[in-house]
Structure formats: C-alpha cells, structure tokens
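Here come two complexes built around chain A, the first alongside chain B, the second alongside chain C.
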Partner chain A sequence: MRRASVRAAAAIALAGAAVFAHAQALRGTGDLGIVVERAAGRVQVVDTTARASLATIDGLGDLSHASAVFSRDGRYAYVFGRDGGLTKVDLLAQRIERRVIQAGNSIGGAISQDGRVVAAQNYVPGGVKLFDAATLELLSDLRAPAGPDGKPSKVVGLADAPGGRFVAALFDANALWLIDAADPRAPRTTAFADAGRQPYDGLVTPDGRWYVAGLFGEDGVALLDLWHPERGVRRILDRYGRGDEKLPVYKMPHLRGWAVAAGYAYLPAVGRHEVLVVDTRDWREAARVPVAGQPVFVIARPDARQVWVNFAFPDSGKVQVIDTETRTVVRTLEPGRAVLHLEFTPRGEAVWISARDDHKVVVYDTATLAPVATLAADSPSGIFFTARAARMGF
Partner chain B sequence: MRRASVRAAAAIALAGAAVFAHAQALRGTGDLGIVVERAAGRVQVVDTTARASLATIDGLGDLSHASAVFSRDGRYAYVFGRDGGLTKVDLLAQRIERRVIQAGNSIGGAISQDGRVVAAQNYVPGGVKLFDAATLELLSDLRAPAGPDGKPSKVVGLADAPGGRFVAALFDANALWLIDAADPRAPRTTAFADAGRQPYDGLVTPDGRWYVAGLFGEDGVALLDLWHPERGVRRILDRYGRGDEKLPVYKMPHLRGWAVAAGYAYLPAVGRHEVLVVDTRDWREAARVPVAGQPVFVIARPDARQVWVNFAFPDSGKVQVIDTETRTVVRTLEPGRAVLHLEFTPRGEAVWISARDDHKVVVYDTATLAPVATLAADSPSGIFFTARAARMGF
Partner chain C sequence: MRPVAALALAVLAAAAPAGAADGAPAPARAREILALLRQDCGACHGIRLTGGLGPALTPGALRAKPSEGLVATIVSGRAGTPMPPWRDFLSESEARWLVARLLAGDADAPR
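This part shows the complex of A and B:
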C-alpha cells in the first residue's frame, strides 16, 4: 500500500516534471520567428527581443526556397518545403506538430484572413490545395488548367486577400486565379485568362486592394483590382521588365518582397541594376533608383522611411539602403556572403539578414545601420517573424 | 525514510500540479486582447479566435477612459487608469504582474518602438514619466512647462514614433513635445512652442512620419513632420474644427481613432455630423462624409476598404460603416446602447464593439456586416488586441 503510494506519487511527480518542460515555454509569441536552415532541413526558433536562438527543430525535408506563414495566435509556423512537404511547427513546444507531403514540388503558400485555411501552391502537380489549419486535413484540391505541354500549370504568387480569398498566378496557363475560400471544401475559383505571358510571382498590396503579378514571357506587369475583379486584368509598366535588350537574369526577383512605402511601390527591375518606384494611385512609374546589382528582395522598413535591397550573384554579398524621401542609396552594407533574405522586426527598429555562405544571421539597428548581433546558422535562407500573422498578403 | 520519500514525492507532485495550472496557459498570444470593464476596475482577457472570454482580472483601480499598450512579445498589457495607476497584466498567467500609482490623474500612454520603455502622459502633475517595461521602475520624470495657471501643462496625445522617440501635445502650454528616449534615463526633449491653442489629442500616422494634433482653442490642426522636425509645426485644415458657429461638442473626438486608408486620412469633425477626408500627400481636405451624429472614433478596417464610426450622445447607439471608395455610408448598425469603442481583429475579418449600457461586446463579421458573437461584460469601454504591439503610433 505504502509502496503503491510512493509509486503513484512518483508517477505524478514525473508527470509534473514533464509538464515543467512545457511550462518553461510559457511565454508570449509576438517576438518569435524562424530561421530556415535550408541545407539541413531544419528551422531555428528565434526570439527577436533577446536576439537569440531558442531551439533547433529538424526533419522538415528539402527546405531550399522554403517559406512560412503563421497561425493567427502566433504559436505555429506552417513551413512549405520544395519537396511538397507542409510542416506545422509548434514554436512554444519547439517540435513538429504535424507534417504532410502534399505535392511533388511546391513553392510556398498562404493562410486565410481568418487563419482557418492554409493554402499551398504547387508545381507538380500544378494547382492549389487547401488544408485545415488545425489538422492539416486536405479540404480541397484545385487542379490548375493546362499549359502548352498539356500538364496542369505551375502555380506561383499565391497570397491571401481580404474577404476570405486567395489570389494566385498560373505560370504556364498565362492566367490569374481568384479563389473564394469562404467554404474551403467547395471553393469558388474565378480564372482571368490572357493575364499576360508567364506570370512568375505576385503580391497583394499591404492595403489588400491590388494584386500585382510580374510577367516573365513579356515586358510588363499584370494588375488586378480586388475591389473590382469584374473589371479584369490590366497591364501596367510596359517598360518594367527586361526590355528590348533581353539582359541575362541571374536570379528571378521575388515580387513578394515588393515594398509599398507611403503610397509608392518599390519594385525590383528584372535583369537591371535598378529599383523602380511606382505611384500606386495611378500605377505609373515615378522614378528609378540605381543600385549595386540585380535586386532580389526590395523590402520597406515598416515605417516606410527606408527600403532595403539584396542582390543576385555576383553582388549577393551586398545590401543597400534606399532613403524613400530622396530616393537614393544612403548606405551599402556587407553582412556576409550570399545574402538570401531579410526580415524586419514588427516595428522596424531592427532587421535580420541571412548570409548563407558565412553561416550566420546578422541583426542591424535600422537607425544607426550598425550590426548589433550575430547568430550562427547552417546555410540560413528565409527568416520569418510571427507578426506576419497579423498582416495581409503574406 | 519511506515516509520521507512519500512526502518528498508528494511535494514534487504538488509542485507539478502548480506548474500544471500554468501549463494549461501554454498558448500563443497573437489572438489575445483585453476588454476594459470601466466601472468595476477589471479587465477581461479575450481570445479573438474562439470569440470568448478567458479570464477576468480585477484590482486595476479607476478605469474610466483607460487605455492599454502591449509588450512586444504580446504577453503583457500595460493598462493606464484615470487614477494614475499603471498596471502590468500578464495575459497568460491571467493576473496582475505589477502595479504602480504613478500620478494623480492620467490619460494614457505609449510603449517605445523596441518595447523597453513605457511612457505615461499625466494631467496631475502634468508631464510624462518613462518606466522600465520589465520592472515598472521609474526611469525619468519629465515635468511639463507651465500653462496660464502656472501649473505644469496637462499632456495628451502621447504616441510612439520610429527611432525610439515619443511625441506628445501640451494642452495648457500650446506646445508639442518630441522626446528622444534612446537613453530613457536621460531623454532629450524638443519643445515646439506656439503649436496652436490647446492641442487636445494627437496621433502618429501608421507610416510613422506625421504627428497630427487637434486644437481645441482654435480652428485647425497642428502637423509635425517627424522626418523633418527642424521644419517646425505647420497649421493645416483651417476649416477643420468647430468653425464660426461654435457648435456644442458633446464629447471630444478621439484623434487616436483617426483612420488612414490608402493615403487618405478620415477625421472626426469636431461638433459636426461629418467625417473629413484629407489627402495625406498635401494635407488638404478632399471630401466630407455626412454621418449620423458627432463622430468619436473613426477607424479604418485594416484593409482600408471600410471606415467604421461611432458617435457621441444622443447617437451613441449607432455605428456607421463608410465605404472608402464611394465615400458614403453603406450601413448603419445598432450594436447596443452607449457604444464606446471598437477594435478590429489584426487582419480585419471581424470587429469587436463595446456597448456600455447593454453590458455587452458584439462581434461583427466585416464582410457580411452581421453580428456573429456576443460576450457579456460589465460596462465595457476600451477593447485592445495584442496586435497593437507590432504597430506604430499606438
């Protein structure tokens, strides 16, 4: 009897100890994020207040070109891997919560405005899949219309939009998709054919009104007014792209990195050493800013005073800071070799920059432009903070 | 010996049980918020995903006109009470973490861009106090210059600004203050005298560039360019305010509720049944929208397609929805008696509205404009969600 009591008490004590491991994680999630270690199939959980790594979680598969979105409570990251893996990571328990292989080749995804639906955009087979954000149960499978090769088109540029919708670009089908996912088991899809040749990425502006898709197969940009989809797709910036010279393109710019600052969009010019400034009121070009190389990500500091730019090889060791008032480069930084991504803290006092080939993440103070912290990471690529959960178009 | 083991095991088990109470709170903080129960000195902790109340925390003193800001991790709310109380509330442990009485009469506060400094604006004695956000230790005490009565001026309109700064309006001293709190124990204050008669509230625009202060003692608005404070304060909207007729004002509008949507600011006209639309590129009036009463809060849905307005007595039972494209009222709602505040969820799919005299909070779907949930609350006033931690000017 006494022995049984001891056993029972010990069992409870053990349970208590197990709980204790979790209890140590009792903390807010507003200052958390992940750093993708692309080659190792791992993510680091990071704390932007302490500027420290809290944990490493592995088993996420092929994370080249991986991206992530967050649950609306900030606890879970949904990581989209290149191998079609969709992994739900618990940032508090610091472990994988669920993982599914949902396609053969995937290129990212989005989460619905209400946080209930995770959408993945796939290359093979081409289409969009909608998942229950809690369980990762497949809710619907939208097969893309065929491209010239007869196969379902690759889907790119998937973004959430207000009203429980998603928008995407169909690379091979030269079309855009507007997906009403109010009923995610029976989504209603509107296709905009002849949107332009080979849309290769797209974004929703921070105010949720415009969807902008870059075109690879022709010179220009496709624009869809999400307040008036019935007006169809409009072509803008006919001199935007590669132009007549057909310059070599070392790395496709990421449109998701497009910055909108104080009503002007800052866009990476394809193949040129320039950032374009476009007035979002009439979508006309307002200026061009010469920069150090072919821009990849062009991202506004949250207060819109600065736009930060990284570059394709051979200029991938540089980051430039554009002042949005004078529209000139005010500083060139060299954070390390092969800068792949940058992410601002929610209110922009710092920016985290990944330098893949130096295996580090460097944190800069955006007021002084001085480095203030360095974290070790194994070939870091994407950096994603939980504040994305509260923003549109990510 | 055996008994000792039992005791030790039991003690550990008890410790485990104590931890378990906390462990149940292991959850993200991105979808949390508080509802102020003004008369009872309490706050409810609410969950915007479940649309439910999680806990009630009392002992916060006089909460009439109370407001709150959040720690950058989203775990703590700092509640500013009218009685000068500053209370740090732990939303996860669901209890008061710390509380200080820091003034005789206070009217709100702000938190610095990096989350390290909490600032309180005080009526009696007039000034600004800076506190360590972790400990609530007083770091500095900025006494305001005297007004006509020889006493330190009341301080209103305190807001955080990029670069570790705060901005405030000095009601009795007709001045604005720009406070550089990079060293919060030795802040540097720049005063802008003759900013206008009796600035009564102010806000920083969402992009962090402009500080806009309403004037009670004259017709117009004071504007400070935070990118160029050396240019001084400019007067705008000379026909903004009460005008020649000196209409009775039943309740001062809250400028903090001013909305900026797609480059246009929506401002409550003082004493008039109108919302003004102002182009933030040149700060000229672009339109006026007739509404049902004297507007109090004028708040943009995060995607900028709608602006929601509540009203002073006798129209305080109504809420109107303005479509920002047509600049007309598209719906009049009647959520309950004495609507005091409204707060959008981070991505705007819902809005929470407090109806003080019906002792309830009503949640509306912003797409259908239909009520989707009702929560009981004791004379609810302010509603504040943790996503504010990631935004500027709150």
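This part shows the complex of A and C:
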C-alpha cells in the first residue's frame, strides 16, 4: 500500500513539467519566463531547462508591443499591454494575480531598484504612473512635459536606475526625464530639454551609470550620466549618417535588452543596414558592422562573445550573429517569418527566438548555432525570462 | 475552409463603399494587405489600430480627414515623422482600397 502510493507520487512527479510547476510542488523560478501571444492576449509560462511550455494564461488584453518586468523574487511578471492594462502574473500558480487598466495607451514599464514600485510609461495620456508592486495600488501619476502640440509627450524608453530612480525619453518633447521615486508617493522629476529630436527608446547600461537614448529625428544618440545628472545631456555619435539619405523605417528599433559587450555598446543605426559599435569609455564610434537589414533588437549573449540582431520589415525573417572579436557577421539564420524578439537564457547557452507569422518559438544552441527545440505559440512576440529580475535597466 | 473565407472576403469587398470596389485587390492579396495592416502598420498604430507611436486608424479618428490625404500619407509617408512611405509594398489603388476599409471600420485581418 505504502509502496504503491510512493510509486504513484513518483509517477505524478514524472508526469511532466506542467504538473511540476504547479504551486503545490516546490520549485524555484530562475529558469522560468513568459512568451507573449500578442494577438490572442495570452502569455505562455515557459521553462528554459525543460524547453517546454508549462501553462497558457488568458485575458491580458491587447498585447501588441507588450513588454514585461519581473518581481525580484522572480515569481511575478508584470505585463504592460498596449491597451493600458497592467497585469501581474503569478508564474508559479500560473494565473493572473491582479490586473488594472491604468491608461488609454501604454508601451511598457520598469520596476524599481528595490522591487517595490512598478512604473508604467504611457502614450495617452503621456506620462508615467507608479504602482505598488504588491497591490498595484496607484502611488502617483506624472504628466509628461508637453510636446509642440501642447499635449503631454509620449513617454518611451523607461528604465530603472540606481537610487530609486527611473529615466525615460520624451518623444514629442525632445527631452529626457529623470524621476526620483525614492518616495514613490511624492516623486521629483527633472526634464532635460533639447536632448535631441524625437528620442524613440532608451536604455541604462548594465552598471547603471549611463542612460542612452536613440534619436529618430536626427542622426545621433543622447547620453545622460546618472552619476552626474547635473552635467546635463551630451550628444554622441553626432551625424553618424553623415547626411546620407536614410531608408524608410518600417519599424522602430529597440534599445531595451541591448548590447554592451566587452566595453563596447552595439546600437542599431536608424534607417540603415548597420550596427554601430561605440566605445563606452569615451562614447566614440569604434566601428560599424554591415548587416542584412535595419536592426530592431541588438542583443549581446551574456558572455559578450556574440551579438544577435533581428530586423525590421521586410527583412524580418532573418537573424544575424555578430562575433564581437572580429566584429563581423558569422552566421545568418532564418528561424521563421517575422522574427519579433529574442531572449537569451540566463547564462546564454541558448537563445529563444519568436517567429510571429510561423506561430513558433525556436530555441538555438548559441555554440553550434543550430536549432535545438521548437515550441508552438500563437503569433508570438516578446519573450522575457526571470533573469531580468536581477538586472538593472530591465 | 479556405475557399469559404475567401468568398466571404470577396463579398465583403463587394459590399464596401463605392470607390473601394474599383481596384479592389484579389482576395488573396486582400488578405495579405489586411495582415500587413494589423501586423506591420500595427507595430506603430496598434494591432487593434487604436494608436501607439502613430495615431489611431479607427473610423472615428479618420472620419474628418480627406481620404485622398490619407492615401497620400500611406503611399508617400510623412517627412519628419516616423510614418514611412509604403509605395514599395502597396500600390496607390491598394492604399485607396485600404483607406476605404479603414473608414468603414471593416479592416479585420483574417487570422
């Protein structure tokens, strides 16, 4: 009798990852993540060790351009939807813990250094809202400085910074915005005007010192030293296009999830088939890598030996791998149609790539550059792993 | 299943307002254009066309705007803004058909 029940328990334990991940069984969250199914308003909870989907969670609203941040215990994903929904997903219980509609039109968010505050960046109305990470209670509502049309600017590139701060870029106001949220009910903001025309996204370097905002309206990049914000915004890579005619941009590049590899930053060139390589010691251009299309995501493998790049329409079926030692493309992959995102496992032995129009996620071994697994997903877009919980600027 | 969907689309296209009917693309091409609208235009205008970096493309948002101007915006883009020209991927008559569909609130992409 006893033996039988032990055996039954073992059978259940072996019955598959889906059972395993349930709240009843103890497990950590370090190898979990989510895959966004953008059209269906769902996320899959995935396991990067088993390379398997554990659960599908419904009811997250409009997830076009959705992104996610994680609680620092790696248990909860905060998913920001286009429709202004902010959904707290419990990866262990595999259900929605809480959900609020916090704006008319949103684009992403960040979580504070101490993990207590979730910040959402909004297009309509343009601004940032701060929420209690535990309860999603609204703590403060910040209107962005106005753009030329008098309306609050759209906010992009929101990232956390050391010292309980957040940094963002203001697309319509041509400005950067520093938010000191040490007291999240009474945050203090500083706007840096004339940062450059139409900043489209921004990132914080892995060491938390620099905020880098890409500019759409001119060739160049805006740089803010978070150790010395009083020194103001500096412009780098000025006129990197050297006045050449830009190609039409069918999709905005992203800087989040970006690449700093061995002291060099790899940045997408706007409207060009190039990745710019910048020396982070003096922020001068060090090289350019010609690539197969307009880069969207440019992401370093965690050990910094490779940088992986995907591309805007109409080259979105390709992914290229840059070797950071020679700064050349060493492989062109075709994971599927409409590659929207890629995410490395915490230490980078594998990378997960979403191919929206082929409804699949393909996992590549980053040493052999060969596909090792494929998961079905409905129009997958963003892939986010819990390792982000421990990284600044994610 | 496929032919039925195609037929339904053809019927919808035929029922679209005057102006849309002339130069209406063949059903397969119509499907492609509507998928482009949701996915690639959707990257900036939202998958539900309710706006993002670009403005909403819902009937309510577009109604007051002259449709020729909207067609020109799609074909040639708007300099100084992120709206790119789509002429390499959409002909002018396709853009006109698409604008009619947008104005009619009848631009659901088949999934």
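By definition in this document, the second predicted complex is superposed on the first by the 362 of 394 C-alpha atoms of A that agree within 3 Å, B and C clash if a C-alpha of one lies under 4 Å from a C-alpha of the other, contacts with A are read in each partner's own complex, and residues count from 1 in each chain.
Rule of thumb we're sticking to: a contact is a pair of C-beta atoms (placed from the backbone, for glycine too) under 8 Å apart; a residue touches a chain by one contact, two chains touch by 3 or more.
These figures come from a predicted structure and were not determined experimentally.
Of the two partner chains placed around the shared chain by superposition, chain B is the only one that A:227 touches, whereas chain C remains out of contact.
In the superposition on chain A, A:356 makes contact with chain C only, while chain B stays out of contact range.
Judged by the touch definition given at the top, the superposed model places A:113 against chain B, while chain C stays out of reach. In the superposition on chain A, A:64 contacts chain C only, with no contact to chain B.
Applying the stated contact rule after C-alpha superposition, one finds that A:217 touches chain C and leaves chain B untouched.
Legend: residue contacts after superposition of the two complexes on their common chain; A:263 is shown touching chain B, with no touch to chain C.
More chain A residues lie in contact with B than with the other chain of the pair chain B and chain C.
When the shared chain is aligned, chain B comes close enough to touch A:302, but chain C does not.
Residues of chain A that lie in the contact sets of both chain B and chain C are absent, per the superposition on chain A. Residues 2, 5-6, 9-10, 12-13, 15-17, 19-20, 22-23, 25-32, 48-49, 70-76, 91-93, 113-115, 162-164, 207-209, 227, 261-263, 281, 302-305, 325, 346-349, 367, 386-387, 389-392 of chain B touch chain A in their complex.
Those residues of chain C that touch chain A in the complex are listed here as 38-40, 42-44, 46-48, 50-53, 77, 80, 82, 84-85, 89, 111.
By the touch rule above, chain A contacts chain C in their complex via residues 38-39, 62-65, 82-83, 105, 107, 123-124, 154, 171, 198, 200, 216-217, 248-252, 313-314, 338, 356-357.
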